[in-house]
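Look for chain A in each of the two complexes below; its partner is chain B in the first and chain C in the second.
Right after this comes the complex of A and B.
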């Protein structure tokens, strides 16, 4: 295994060396970095040209200059990488350090949403193969495949951001919208649940009724201006989560898991007020992180104390329930911040921005308001990226699950008399996840460098923007810095994907060939 | 329907079980016939095939067609992108200018009757007919797409099949070369060429994008060749004394053609999105040439006042990409030997009643 990794890394570094060499020379002859200076009428033009030449070592011919650049990169091994200077006088390492977190922030949430939603919908469509739900989701996913992101982005800006901001001026949902939403949610849930005509209409009625009630109550009580969940609703939702997670993970038949999860749901009510105190007195990412750790620790203890045998699945169930219910408490805190956030001068009741990564005018020192500001700026790009990328996951997880469901071991599991839940969640779902995991890894590395268009549409300055800057401004070091990061990431991700595949699927052995 | 007669016969056949229905249906048909029948059963794919054919014919006959100054065909549309007709003032909503004259609502329902009018998609800032601009842009995007698909498909198939068939050192070298191409951003090559030779136009853009678009395809084809070359019919051909060339072209390639066609379709729909995206951020087709992405980029700010400048190019991109994706889906279903058609309720009932009848007769 080690030999395999070493050999792969060796080959990959040779490839990276070759492509970076060619790229460096290509980019070097693609334009003259001094062109605009030479044309300027500045009196100290010659001095500027000379100093830039010295700084960027432009007097060295490109093939030789490449090795100077490479020498700086090799500094990685002694912990002091040198990506060189960019044209505006700052170091490339500095620009990269600013851009990478921005890009990760931009794509992280979208990728996670796309994966979770895509896999969930893909699995449901596979289980309801050839149903109306399957056909409509197939259509939706093909439509998403065919959408240019820059086009979607403009539509989202217009219809999601500007219209929603206008709506907040007078947050009363019109009756037509309520009916429409109710019908949509009824049809959606009824098709997901499926079954006989009677079940279909029961589900339709229930889902439509619930949706209509929720939206009307929200609309009448001015919830959209001053949202919040409150301890009672949080507890109710946590109990629902506890039942749902237990059912999916080990089945409701497992009483120990159900009791442990319900205990965690109850604890979320107990912890609600202390959590508010911590949020207000010690705001910051550190205290949120510490509280998350405390939650997980408590969940482990609760899970262990309720279980006698077969502890791992029960503890796992408890942890998932606990994290989700704790997440509700944090969401509630964000909702409470909504009103003060909207009242700040920088926002002035138009909370969904169409461009940028934060409001420059916002001068509130409050941690929650600043976090909410980042979240609202993330909203549109995340929706756009999720819409574009989750179609792929739907198609892929659907295809894989259908393939898996045809296997002999699924027939065996059914023949043994296992419940449908066990067959789907334990035998089918896990095997579906093997190829999906490897795709996720490669995808994630890909989007780090590939959000060029999204960044330009939404006015974010991440890796894509740096790449563009480097290319248009003939800024060689900047360009190569971005290339180095994205290329190494994709190369490493491919290696990790291969290793993961062999770790997850015992039938695959790496190290033989390749 | 052409196949109606055959399926009527099938319905009469006393068959038990779903496999029997499926098997009966393909009895005595060649591989090509089976694939064609499966494809034509995919309604969305057939519909998409119609749509894309219509779009291609519609778009390419709309404008004047010149070829090297010797061949000149007149287009059916009265304006060309170079014309500067008078900008339409008045009778537009919200005091805008140059609004579309297309009307789809018949007079009976209170509309202006079905018709294109003078400028069906409106006019741009200086009065150019937007319909002809969109036609020109769609022509560009479609030709770019075809060139990328052809080039990427050919290179990918050749490299993938050689590497999968010969394995060993050849495979290692070719696959490392593929990895190498994957790491190079195609935009940079474009900007080098752009700097030295100026703007060479849309077809050249397609050419160099095609030179970088084959990597995914070559990996798929290689995988297919690796499995197919171990099959018995390849051994049989080799024992019979067939040359490598003959085995590749006559025995393996026909069996891999499904994978190739399906991924080329996906490559096509991907490349129209790639071209429009590149043109949108300014690295693709540049003015004075026209492309759908370029049009969207130019008029995205006027979305609130003159949304038609934004809608029509986007609708063309989406309908082209969507149709191709559906055709690809239909082809995949058609080529997949494991794919079993959904047995309709009627057929299942018929087969069940036939079985009952057979049991009663026993």
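Right after this comes the complex of A and C.
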């Protein structure tokens, strides 16, 4: 095992050396940093050229200059890596330190959404293979897969930001929209639920009716200007969550798990008003974190107290229910903040922004308003990134699950008389996750590499922006700094994926003579 | 599927509950007092005098933070800022030219410290090579070591002509500069104020604002160090000046000494690569009084033009500025809440024909080489005649700003009184008379005089085409199509590294834009002077050189126009270059915001920020 890792690390450093040498030289000969000055009519142009040549060591040929750069990087071994200075006068290390958190914030949520949503839809499409739902999701996923992000971004900004903000001036949903949304909702849920023609139309009618009612009620009540859930709805939804999670996790047949989950759902009502008090009196990430810990601790105790045998799955079910129900309380708090947020001078009733990481003018000291500001700024980039990247997960998880479902051990499980839920959730789903893990790990490493175009379109300045700046500004130190981080991470991620694979799948052993 | 159904029921209940929530009426929007400006490039530091931080964004931000003796308005005129101070020529002879700059009494920095002429002395340290060497701060021209003040100001007109050091008056309110001869446009080389006391305090390790008396003492220490060329203290100050201002994040932890200024607004906060926020300077009295209602200015950095236009449509920006494309302008005009203003940029597009060998390049022996005498001259004339300038204007520029006439001078920009006078008799009419058909006919005649078969076997003209630029690609295509009619076959070499290929003997023609960052008498001199730094075509004409040599002395507009006419007559007769268009820019402004008048020269949009009002 150790030998395997050492060997891989050795190969890794050779790859990094070779690729960085090639990139450095290609970037160096790709353009002329003195180009701007050559077009200038300044009287002291020659001085400026000489001074820039001195700053960037342009008199040293690129292959030799590469080793000057490499010398700084080797400082890693004495704990003092030197990535050099970028052309804007700051150290590259400083620029990277500023950019990495921005990039993570931008891409992390979208990556998680894409994974969860992609896998969920992928599994449903596999279970409903060759159904209307399967075909339409396949169509949608390929459509999204083939759309360029900058175009998606422009459309999202136009409709979800500019038009939605205009709509908020007089938030009455037109009748045409209500009908359209109702039909869409009806078709979607009816396809997911599937079944006979009668079931289809019942589901269609119910889903369409409910959607139409909700949208009309929202429209008439001014909900878009002052949204909120309130304790009753939260309880109702929590009960729904309790049933759903229990069904997926251990099956409704497990009465202990159901009771424990329902208890947690009930507790979310009890905790609603105390939580509001904490939110208002002690706002801050710390109190939210402490409350999350308390919620999980209570969930563990509730789960333990209801269970006699089979404790772990029940506790797990309870925790998931508790976290989701508590999440509703937090969502409710954000909804309550919506109105005061819109009323601030900085927002002025145009709450969905198209650009940036936060509002420049917002000077409210309120924790919730500031958090909501960050959330609204994350909204469009997250939607855009999720839309274009979840298609891959749909296809992967669908394909893998279908393959797994044809395995002998699934037939055996069915033959044993296990419920369909157990067969799918326990036998099939877990094995589906093994190959998906590899993709996920590599995707997470790609997160740091940034989304160059997304960042540029949404005005975020993360790693992608640095890369662009390095490339277009002939800023070799900066370019190489970004490259070094992203290349190292992706090579390491591949190594981690290999190791994880062997940990998850007992059939694969790493090292051991091979 | 229980989850879905439960969720549905829950939603229904939610909806019912929401019905009971009472309707809320939106509050009235407050009167706006903030201007959010769009800049394409982020600011990289607060000191624009460094090569690392020099940018148009930096100039705009520092213009708002600091007032000096003069500024460029939107008509490219240098306006005196008489609120701050005055300047005048005190002696003028062929070998002794003195100018006195006086600061009006009572002007203060944002920390309350009075401004006097000691604050003008740093300019000399930053511009004079001789002072830098004499004070032991390093030779700015050195290829190996940086000078202590690692700035961009050295080795210019100021450094070449200054005699001795600026002389401080007894009341310390004025300085007198002595130049070795009268220099043209001396008013743009004069000193600007810098809060030298803050530099001294920072060099001494202070991290907070000090009392006015302590600031005065610090200023005295600067004066002493400046006079005695105290290398140790000046080097420390130089380090602060060169390194500490390269910050892009400003918050409560930033040393407030870095933010002292005398402009209408002072820096409040900055988020790296995202935005810079400035608030009103309550002690501002160094420039025209603030007459508007704006009390906060935010610069927001958005590189992507479409993204910025959508942000403008969504009310996240008040002023959008960008390089104009026809599609972009059309999209901006569709936004109902903004006014679209066309502007001129400082770059002018032109076509140059290779004339002779350029220094450092292989000998030029191509089609247009002057060595071929009358033949190459006829070809050059034919080329410039057949260049479809009107078509380029109509198809590429008019959709943006409506301008359909190509420029007729490469020395004076359209819109000024001098332009009409110069173009009336500078010989440019030779290339613009008649229609393109008649010009094509005379061009064909000129070509066929030497190459009767030109239409059947056209002459290859090698053109350097700047890459990554759709407008220039179209420009080249239009030129190529028309040139084919007169027997030229344009062979384009599209390169992204084209600036380093200018002057290369592999090309017969170039087209690109020169960028002028200031308006001076010498204007395009470097392009046409035999030894000029921008003379990429190897042009050499003793008569032109002789006139250019006289442009260094101050003179009246009438005389200057006469000299430009003489030069352009010669260059037009030699058929070496022709201008096409001034690069168009576009600015879109929130309809409620008044008095935004963008100008072509730095500080471009913000030059009259004190008039902005809602």
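Everything below uses one rule, namely that the second predicted complex is superposed on the first by the 454 of 514 C-alpha atoms of A that agree within 3 Å, B and C clash if a C-alpha of one lies under 4 Å from a C-alpha of the other, contacts with A are read in each partner's own complex, and residues count from 1 in each chain.
Note that contacts are C-beta pairs under 8 Å (C-beta built on N, C-alpha and C of every residue); 3 or more make two chains touch, one makes a residue touch a chain.
Because the structure is predicted, anything quoted here is derived from the model rather than measured.
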Which superposed partner A:87 touches (first chain B, second chain C, both, neither): second
Partner chain in contact with A:456 - chain B first, chain C second, else both or neither: both
Contacts of A:325 with chain B and chain C, given as first, second, both or neither: neither
Which superposed partner A:192 touches (first chain B, second chain C, both, neither): second
Which superposed partner A:376 touches (first chain B, second chain C, both, neither): neither
Which superposed partner A:19 touches (first chain B, second chain C, both, neither): first
Which superposed partner A:154 touches (first chain B, second chain C, both, neither): both
Which superposed partner A:487 touches (first chain B, second chain C, both, neither): first
Contact breadth on chain A, by residue count: chain C or chain B: C
Partner chain(s) touched by A:31 [first = chain B, second = chain C, both, neither]: both
Overlapping contact positions on chain A, where the chain C interface meets the chain B interface: 30-31, 150, 154, 158, 456, 468
Touching residues (chain side chain C, partner chain A) in the complex: 1-19, 21, 23-24, 26-27, 29-30, 34, 36, 42, 44-45, 50-53, 140-144, 146, 150, 152-157, 159, 243, 246, 248-249, 271-275, 277, 296, 298, 300-304, 306-308, 310-311, 313-316, 496-500, 502, 512-517, 522, 524, 526-527, 533-534
Sites on chain A touched by chain B in the complex: 11-12, 14-16, 18-19, 22-23, 26-27, 29-31, 130, 138-139, 142-143, 145-151, 154, 158, 406, 452-453, 456, 467-468, 471, 479, 483, 487, 490-491
Chain A - residues contacting chain C, complex: 30-32, 34-36, 38-48, 50-55, 59, 87-90, 98, 150, 153-154, 157-158, 161-162, 165, 169, 189, 192-193, 206-207, 210, 213-214, 217-218, 220-223, 225-230, 232-233, 236-237, 239-241, 243-245, 247-248, 252, 339, 342-343, 345, 348-350, 352-358, 360-361, 456-459, 461, 465, 468
Residue ranges of chain B in contact with chain A within the complex: 44, 176, 179-180, 182-185, 187-189, 191-192, 194-196, 269, 273, 276-277, 280-281, 283, 293, 296-297, 300, 303-304, 310, 314, 317-318, 320-322, 325-326, 329, 338, 342
